[in-house]
Each structure stands twice: as structure tokens, then as C-alpha cells.
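Each of the two complexes below includes chain A, the first together with chain B, the second together with chain C.
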Partner chain A sequence: MPQANVMMNVRRVNPTTSIIDIHGDVSAFAENVLMEAYAEANTPTTRTIILNFAGLEYMNSSGIGLLVTLLIRINRQKQRMYAFGLSEHYRHIFELTRLSDAIKIYENESAALSAA
Partner chain B sequence: MFGFPRLMALLGEYKGNMPVIDLLLGQLAEFTGSEWEQEDDVTLVTLRRSESSGESEIITMSTPHIDEKPGDSDWRVLTEMSIASEPGNERQAMEQVGQAVRALNLPERRLEKLKTAVAEATMNAMEHGNKYQPDKPVTIQVLVSQATLMVRIRDQGNGKPIAEPHTPDLEAKLAELQSPRGWGLFLIKNLVDDVHVISDEHHHTLELILYLEGDNYGSKKS
Partner chain C sequence: MSTSPPPTNEEQPRDAAYWSSSGSSLKVTNIPSGALNLNVDGRQVVGPLQGFGQMWQKIYRIRLKADEGEGVPPLTAKEIIKTWKVNFPQFWPTGNRFYGPLTGIAPGEVALLSLSMPGGIRLSTGVLVLYADEESFTLMTPQGHVFAGWITFSANEVDDYIVVEAQVLMRANDPIYEIGLRFGGHKQENVFWQHTLKSLAAFFQRDAPVEMQVTCIDPRLQWSQSKNIWHNAAMRTVMYTMTAPTRWIRGKKS
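The block that comes next holds the complex of A and B.
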């Protein structure tokens, strides 16, 4: 089984908002890395998780499934998920799958933070 | 009638520069013309003997749908590859297909869509068709005609019919009424202009179609 070709960096920008910077591939191999990043990002006061896709190199249907799993967890915690940094192609994928209905997409980090 | 004499003559002239089944189907499409309505199945079988190992390989293919558009009988093979069925190898497939079609100068958006569809179809073939057995490769052919680009992805799925999955519904998934997974075929169907699914006794084949011109060009724009 190949290693996960992904790194995620967590930034707790304030008590209610955390950003997860994604670098690399979001595929089935990213499951542990993504869930560990969420565990680090999630505090008792966290209300918004922002995913930074500016470093995304590749995402496949398994990766989309992972995002859905993460969304389920976030919804259970009454939190919101935002995203920014998506390329045009992956924005289109988010629209096709209707992930863009469940994850608000912003142009950049400052726009996402302003909305959080 | 196409007839045995014509078939034998074609095989006699065959120089091995493209798969013999593709040659014959192309000739058949040219013979029938675009207005012909196919009533019965056409199945072609080739037996290939390797001189070095003495092993034989049987390739069987039912009629692909390459006779749908006028002028599509003149198919050219851009590349053929064989991908070991190991997790992650779909990236290799999508990059090689991307390289192979570079000369066609597809718009960047269409190229990205094609590459994602190829990756998803290859992943499905490796996982569901070949059960991730590395000794069962996925074979990929990239063919182009004047009006159409076709990527043909074939696994060794033993002829079991490909199950049509539920159309993924994000709300149902978030409500945990559907699995979070199951997006692959949905993506494929929405990222290329047409998809043909062909099953025979030994293989599953997906043909991903991008029209290069005409009314159906970029028909999946959304």
C-alpha cells in the first residue's frame, strides 16, 4: 500500500476558527492524515473549520468520500466547513457533486476568515 | 455483405500497426456507412501467440460504438499502455493519457476533465474489475479520429455485469443513508461527453468519449 502523498498543517487562527492547509493528494490514503488534522483543529470552542486547497495536487472520488465523512463529523459538532484555494477544475468537481452546497467556497483566506 | 473474402484479404494485408480488432471494426464501419442500424451483436476474437514464451492470449471484443458519427471509421491509436492493478496507479494512467493527447491541444478545462475521468475509470477497473491483483493489468488505449477522442479502459472482470450504482446524493450521504463513497462513475459520466460500457466473457471495457468537433462538442459543460 503506497504512503499518503499529503501533508496537512493546522492553524488555530482564533478560538472559534481553525485552518487546515492541505499539500498533496486527497485520496483514500489521506484518511488518517485528514482525520488527525481535524482532531488537532477541533477544540471545544471551534465553530468553523476552513480547508485550504491551494496546495492540492490531486483529488479523486475516494478523497471526495473522505470530505463527506469529515462533513458528517463536523455537522455532528454543529460546526461549519469552509474552503478556499480550489482550482477551477476542482471547483467544478465541487459543483458537480454539490459539495459546494455544503462547503462554502471562498476566493482566498481573508475572505473565508471574514465570513467565519 | 462484408463477407469472408473481404475479411481474409484485410487480414492478409494486416501489417500489425494497430490492434487487428480495431482495424476490422474500422473497416466494417466504413463498409456500412453512418446510416446503418446494427441489429445483431458483432463479436471478434483474436488469438495471439507469443514466440518467446509460447504463451497465448485471447482478446475478445464486442462491437464498440465507434460507428456513431460520420467519418469515425478512421481511428488512429495514439498510445496503448498496461497498468498494474495497484492502489495509486491511476495517477500514472492519467498522466500518460494526458501526454498522449497533448498534440490535440485540448482546452485546459477539457484536458483536466478527461484526466480525472481516466483516473476514476482506471481506479474502478483496478479495484472492482481486477480486485487490485497486480498480475491483472488494466489496459488502456487512446484512439483518435477526425471528430472524436476515445480512451478505452479494460479490466479482466470475468464478464460479471457492472452494477449501476445509486446516483450519489450528497444529502443522503450526509444523513448517513448512503455510503460517503460511490462518486466514481458519476464523475466519469459528467466529465466526458459520452461513456460506453461494454462487457464480454472476459473483460469490462469503458470507452470515454470526447467529441473534438460537431454538435456534441463539450456536451458536458456543466
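The block that comes next holds the complex of A and C.
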């Protein structure tokens, strides 16, 4: 069975904002890694979770499904999800799957942090 | 009925050829004989975030022995998905039609559906092939479909077994569908995909129980999406059927 080929690094930028840097593949096998990263990023004062996709190498439809479930989880905590670092290809996928309707996408980290 | 996947080159990610390169609006260019292009052309695809009802994740799973022994050919995950893509409608319960491309399921293709609903109602709708690789493929629904979301079909080799799954991530598209799903629709869907997996297994001369895992991801209703009812494909199909005599008479006169 394929194993998760993904690494996620969590940075707590300030008391209200955390960034999750994603490196590698986002597929069904990334579920545990992603949820553990969110658990680490989520503190009682966290209001915004920012996903950094600059290191994303591969994503399939199960990976998109994971992002949807994470978004629901984040929204239920009354938090917001932002994203940056998406290539043109992944921006197209976010638009096609209508994920971009619910996740604000920024050009770079500083733009995402300014909006947070 | 297709949009070709983008050509792969070194600058594109590994998954580039597997995703639909079309936009979010469906375009039907070729209607197979017997199919009805109603509620599909020009419709936007909708994900689980755009629906009205509760969000559900449903996983239907069957574990098939890779090697059944003498007289039965061994199986691989890729072989199952390849067969499933080409013969997709064959495994559906009777009374439901899937008008896909003759070449099988590929990214960007649009298929027309004619589904059997409770009360003898027929539902004309469609799906976009959102994603397709050698071990999985995903169909995404348009506005007006029973649910907003997608279904991923996959096969993975685990020890001596091939684990075959249909995974649905969905919300009912509008309040009428939400009521329908709560009063029998979910059950009907469960029967539908259980039948499909059993039929697929039988094709490969195998049998196993279908496991089902249902999780409510979000119990809230999205009232802001109640306007989706305007696109309700079931109501539009019924109205289309009821006005058939009028269209026939008009056709005779002109």
C-alpha cells in the first residue's frame, strides 16, 4: 500500500495565525499528516490557518476531498483558511472544484499574512 | 464530449494529465443515441461546498482477493480501474443509464445520465470526469443534480487483497433533494453503490461483502444555497416530460 509522501511544517506566526507548509503529495494517504499539522497549528487563540502550497508536487481528487473536510473543521472552529503558493495548475484545480469559492487565495505569504 | 487533457511536459506537475482541463461550465458536444441532454449543457459543476444539505462522506468498500487460485486470473488495482472505466455503466443497477464516451472515462469528458428516482420519476442529469489516473477516477456533479460533490472510485493493493472503493463527498443540492435523501434517498444511494461493487466483483469472478462507512462531516444546512432549487433537475425533467405532447404538436404544425 502506498505511504504518505508528504511533509508538513507548522509555523505559529503570531497568536492568531499559523502557517502549514506543505511539501510533497496531497492524496488520501496524507490525511493523518494533514490533520496532525492542523492539530499543531490550532491553539485557543488561532483565528486563521494559512496553507502554503509552494512545495506541493502532486495532488489527486482525494487530496482535494481532504482539503474540503479540513476547511469544514476549520470553519466549525470559527477560523478561516487561506492559501498561497499555488501554481497556475493548482489554481485551476481550486477553481474547477470550486474550492476557491471558500478559500481565499493569495499570491505570497506576506499578502496572506496582511489579510489575516 | 471531451476536452483533451493538457500535454505533459517537464514543467507540469505529475498529476497534470489526470485533471480535467476544462472550465467549470459543462459543454456537451455529442449526444449519444437515446440520451437526453437536459440539465447538463451550460451548467456549472458544483462541489460539496456549494450544496444545501448536510455534508456526508460515504465510503463503500469491497476487498477482493488478488489471487483466487487455479482457474481464476489474478487481479491488479490498475486492471480493475481500467475495466471499470471502460465498462462503467455495466455495473449499475438496472433502470439507470450512463451515456459516457465510447473510449471510456477520461479527464474532461462529460457523461449524460438518466437515473431512476423514487415514485417512478426519471432524472436527466450528467457528470464531469474531474480526475482520472490508473488507480482512481472522480466524477463531479453539475447544478441540478441530486447532490453537489464528487464520487471517487479507486483500487489499492493491500497485502493479498485489492481494496476497491467508491467514496462520495456530498451535500444535497437543494431543500427538496435534502428531504428526499432523508426519506429514503440515502438508503437508495447505498443500495446503488453496493450493487455496483458487487457487480464489479462478479465481473472478475469474485464475491465479498461490501463494507460501508458513513460520516456526517457537517450537520449544518447552508440556507444561502437554497436558491439552488431553481436548477433542480428532477423537477425540470418532470416538466420536460409533461410538456412532451405540446412539443410534439408544435413540431407537427411547423
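Points to keep in mind about this one:
We take it that the second predicted complex is superposed on the first by the 116 of 116 C-alpha atoms of A that agree within 3 Å, B and C clash if a C-alpha of one lies under 4 Å from a C-alpha of the other, contacts with A are read in each partner's own complex, and residues count from 1 in each chain.
The rule is short, and it goes like this: a residue touches a chain if its C-beta (ideal position, glycine included) is under 8 Å from a C-beta of that chain, and two chains touch if they have at least 3 such contacts.
Predicted, not measured: the structure shown is a model, and the values here were computed from it.
Upon superposition of the two complexes on chain A, a steric clash is found between chain B and chain C.
When the two complexes are overlaid on their common chain A, residue A:Arg76 makes contact with chain C while staying clear of chain B.
In the superposition on chain A, the residues of chain A touched by chain B in one structure and by chain C in the other are 1-2, 28, 58, 60-62, 65, 68-69, 71-72, 89, 92-93, 95-99, 101-102.
If you check the complex, the residues on chain A that touch chain B are 1-2, 25, 27-29, 58, 60-62, 64-66, 68-69, 71-72, 75, 88-89, 92-93, 95-99, 101-102.
Within the complex formed with chain C, the residues of chain A that make contact are 1-2, 28, 56-62, 65, 68-69, 71-72, 76, 87, 89-90, 92-93, 95-99, 101-102. Contact residues on chain B toward chain A in their complex (touch as defined above): 86-88, 90-91, 109, 112-113, 116, 119-120, 123, 168, 170, 173-174, 176, 179-184, 186-187, 190-191, 222. Taken in their complex, chain C has these residues touching chain A: 12-16, 18-24, 45-50, 55, 57, 130-131, 133, 136, 138, 140, 150, 152, 154, 156-158, 167, 169, 217-218.
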